[in-house]
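The following blocks contain the structures, represented as structure tokens.
What follows is chain A paired twice: with chain B in the first complex and chain C in the second.
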Partner chain A sequence: MRRAADRLWRGSAARTAVASRARAWHSLAPAATDLPVLLPAATRLARNAAKARRGGGPPLRLTPAHGVVLLAVFAIACGVAQAQAGAGQPSVLATLWKWLPVLLRGFVFNLAISAMAMSTGTLAGLVLGYAQISQVKAVRGVAAFVTHFFRNAPWLVLLFYCMFLLPFQVRVFGMTIPIPDWTKATFGLALPVMANVAEIVRGAVQSIPTAQWESAASLAFNRRQTMWMIILPQCIKRMLPPWMNLYAILTMSTVLTSIVGVAEIMTLTGRALSAENRPGLLLPFYAFVLVLFFLYCYPIARWTLRLEAKYAVDR
Partner chain B sequence: MDAIWHWFRVLYDTTGINLPIFYDAFDRRRFVNGLWMTLALSVISIIASVAIGVVGAWLQGSRLRMTRRVVNGYIQFFRNTPPLVQIYFFYFGIGSLLSTTGPTGHPVPLVSNVAWAIISLSFFAGAFNVEIFRAGVEAVPKTTIEAAESLGFSRLRTYLLIVLPLAFRISLPALNNNLVNLVKTTTLAYAIAVPELLYVTSQIWSDNLNVPEMMNVLLLVYFVLVGALVLAMDRWERAIRVPGFGA
Partner chain C sequence: MNAEATTTPRPLVSVRDVHKSFGHVEVLKGVSMDVQKGEAICIIGPSGSGKSTLLRCINGLVPINSGTIRVRDFEVQNLKTDHEKIALRKEVSMVFQQYNLFPHKTALDNVMMAPVHVLRENRDEVRTRALALLKKVGLAAKADAYPGELSGGQQQRVAIARALAMRPEVMLFDEITAALDPETIKDVLATVRELANEGMTCMLVTHEMRFAREVASTVYFTDGGVIVESGPPAQLFDRPAKERTRAFLSQVL
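Let's turn to the complex of A and B:
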């Protein structure tokens, strides 16, 4: 539209002055929008939406208040369960203390699954993301399809897929190596992580201004050198916050493996509850699980926010 | 039609690729019902969650501090807990309290598991939608609202006719993300035995022992389902984009 207006104004010398003044006014207007009918909140929302789309989920925004509320729920649930306890039954906290080693072992198992899925998924995702910006069209197309395929499939379906389709043992040179279910579950969680990491990589590389490529080319860097020495180092800063957010999402998703029968904290909590057979314990035990997850995810969420503020480049 | 169904029978006999959802009428009906259930869960939850978002964003702009606090608490609860926990909380926590005694003397739940799945999914996505619409509403300048007021619009009509249409366009990209996420989350209804796609598929493969085939069918169906939604929303997003806004 602006160009059309320019064309209209072109012609007489007297009008050119007006046109240049109009252009100057345009350059003063905010860069992201030409319309004064929308406030900066619109730009912020668009930016956050793009970020969430790339990062595989909305950012976690945990505050200390959430921890306080969770602890309060835990305390109240303990109190209610204590009041319901019959004579001669051990106290709620004593029961929890008894099961604590089991629950913590389950939680460590969750963390191990998340760490392994994250590292596998990140390695595969870096390769896939790199393939997405390849110069070979076929490679680019296949990589984009794979990324979209695994981003569109629900996490639970991918988990089922790996749980049921990977063999429970493999024979290598006459040796039978069993594949435990948690390995398969890890693999199932690594697939969506891979696709999301690939998207984060692609988004970060594309967000680097073209001028960087051009100036590298003018300094006689070839494509690979430009990529590894100029573009990717700048990308790491942009990739780190969404990558950490993805890790927090993954950590919370490890409880999904309980549906397919991996002995992680949800499964073990369920078993402990059925062993105790006291309905009142349900709420304190699950509240305890939530508190554990909060304690682990809160520092990650805080750190992500800090890194984001520190590395804020795309303002 | 029968020829096509028969072809899958032949396929099974010749190659061993067993797809009873095509040649077996019972499994076909089961599968189609599961697909409908997933679609129904998705569509109803999408509509309900958008409604929650619109109403919630309006309530958040309320002059009463208590209303704003309640809405805020709702958002905080549903944003920061895993959806699986929410479904369990509704179905086992609240659902077990809401039951009557049936004719046989056993407790009968007042609200079915399907209804609980829809309720919890709608509340889950709705919490995000409130925030999304809220940000969209914030982006509409006060001057626009004042202009509407000066033309004699009431507060509700200003919101519905002036603010919301503008805010909706701004919110659509974020809304799009959230609704896609919601459709993917419908699989969690499996955990409370809602007969949706994942659940019926697992029934079919345990009856026919054809896990690989059904797994691939399942993955493909979800890919197509979510892919179609992403494509449609992307197109819509581009069609009603505010011109000149955003890159």
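Let's turn to the complex of A and C:
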């Protein structure tokens, strides 16, 4: 990651800016202590902090090992449940197979919610992030407040607020349009996504060295042109990896909507389990849900890594 | 031109008693100089003597505290809005120590961007001119290369071509060879020398004394925010009048 970022700016003006910033981070922590014993730890902490800041959050990395562990858990859980099964009961896998269409339908619903929350949240977040770097102080202040509010509020609390504050139907021109629970839940999840995207945008814009602004200014570009033609195009590749990270987190958070009664995979798994009324099925069924999420999130994590590597070879 | 043209022509750039502070640090303490059209001047001096700040004041990147800077008809200290500053910067181009090319654009696009989008000139004409400029700085073959694929010296020559593409009245060069290795400095200096010989008005901040002696019509030695001494290179380098100048030159020559 460090070296990738260094390579990112190989041969360009930004290299020194990045290097000096990296140096500043390094010098920050060691300067806080005079004890030689603490220096390596302090350096490492500073490096981790720098890495987290660059990624827009702590690194989230799935490896194939995680998948293997999940499959093992699933297999063991199946085995245990099978051993506990009474005479005449269908096998664990047969039961799972029976419920598979229901569970998959629930999972697709999870993905649909994540896609909709991500797209609305991203659109709103781009606007909010742009507002955070506005030249108007009031706009900047309001945008920063909104961002920090939704970024630091627990996702579940936001979800509950949306469920209970939004009406269950609206009347437009005499027509009654119902607002189903899942729409409200999607909105509730889109709020923290918006705030996080706003931070990603702000961080990316501010990570572009000021020299780029200066050189654009000296070529008589105005602020709008500088932003849209010079700064933002350079930001996109910096925003993509943290944005995809955020999407993975959001996908995993869609199960929160089961708490507010949306019929997604967790809800449906619960219903299946209570219909079967076999406590032994609990572990294999939930392990299966974990495997599903892994199968979806792992390619995304891989793709993120590939994008990072691709953009590390800078052009 | 008016009546005074018969005596001394009106200087293209006129700096009068300019003061500039960053916080409590006064970087420029009353600097004055005149640059005639077609003249190349060099500013030399130790680090932190305000050389780069002076250049940045001239194209309005850094606002001054007092004094006046006039470039052609622009009273730089009075330019308040972005719009007014942009009008000035169309006439005054700057080349930076760290090149500052746009890394997401090819060399050719870097050169073409400002004329196309700021001057709103015809894209095809700009393209022809940009290719000619790249050829002039010896990089015709690198038109489609991205800055990351070019060496420091090549990047700096693209940056010069980019600045020239605006067809400025004045070129400001801010220690353009300071980040380069001795091998590539040669090519960059050759480019600047050619410009100066063609009659482009150039203001250079430089640490290359031999180069300054060769291209400059006037050399200014600055230290501690003031111009200690100025004059033709032969006089300033061979017979410096001030002790401070002598001390500095004995260090660097």
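Just so we're on the same page, the second predicted complex is superposed on the first by the 255 of 315 C-alpha atoms of A that agree within 3 Å, B and C clash if a C-alpha of one lies under 4 Å from a C-alpha of the other, contacts with A are read in each partner's own complex, and residues count from 1 in each chain.
To be clear about the criterion, contacts are C-beta pairs under 8 Å (C-beta built on N, C-alpha and C of every residue); 3 or more make two chains touch, one makes a residue touch a chain.
Here the structure is a predicted model, which means the values were calculated and not measured.
Peer 1: Between chain B (first) and chain C (second), which does A:H148 come into contact with in this model arrangement: first, second, both, or neither?
Peer 2: First partner only.
Peer 1: So in the superposed three-chain picture, is A:V172 touching just chain B, just chain C, both, or none of them (first/second/both/neither)?
Peer 2: neither
Peer 1: According to the stated criteria, A:A50 is in contact with first (chain B), second (chain C), both, or neither; which is it?
Peer 2: first
Peer 1: Between chain B and chain C, point out the one touching more chain A residues.
Peer 2: The partner with more contacted residues on chain A is B.
Peer 1: Pick one for A:A217: touches chain B only (first), chain C only (second), both, or neither.
Peer 2: Only chain C; A:A217 stays clear of chain B.
Peer 1: Looking at the overlay, does A:A138 come into contact with chain B only (first), chain C only (second), both, or neither?
Peer 2: A:A138 sits against neither chain B nor chain C.
Peer 1: Now for A:Y286: first (chain B), second (chain C), both, or neither, which partner does it touch?
Peer 2: first
Peer 1: If we overlay the two complexes on their shared chain A, which of chain B and chain C does A:A309 touch? Say first, second, both or neither.
Peer 2: The answer is neither, since A:A309 touches no partner chain.
Peer 1: If you stack the two complexes on chain A, which partner ends up touching A:I230: first (chain B), second (chain C), both, or neither?
Peer 2: Only chain C; A:I230 stays clear of chain B.
Peer 1: For chain A, give the residues common to its interface with chain B and its interface with chain C.
Peer 2: Common interface on chain A, chain B vs chain C: nothing in common.
Peer 1: Which residues of chain C touch chain A in their complex?
Peer 2: Checking each residue of chain C against chain A gives 59, 61, 82-83, 85-86, 89-90, 92-94, 96, 98-104, 113-114, 117-118, 146-152, 155, 162-163, 166.
Peer 1: Once bound in the complex, which stretches of chain A touch chain C?
Peer 2: Result: residues 9-14, 16, 211-212, 214-223, 225, 229-230, 233-234, 314-315 of chain A touch chain C.
Peer 1: Which residues of chain A touch chain B in the complex?
Peer 2: 32-46, 48-50, 52-53, 57-58, 60-62, 66, 69, 148-149, 152-158, 160-161, 164-165, 252-253, 255-256, 259, 282-283, 286, 290
Peer 1: Touching residues of chain B toward chain A in the complex: what are they?
Peer 2: It comes out as residues 76, 79-82, 84-85, 88, 92-93, 128, 132, 135-136, 138-141, 144, 166, 170-171, 173-174, 176-178, 181, 184-188, 190-191, 198, 202, 205, 211-212, 215, 218-219, 222-223, 226-227, 230, 242-247.
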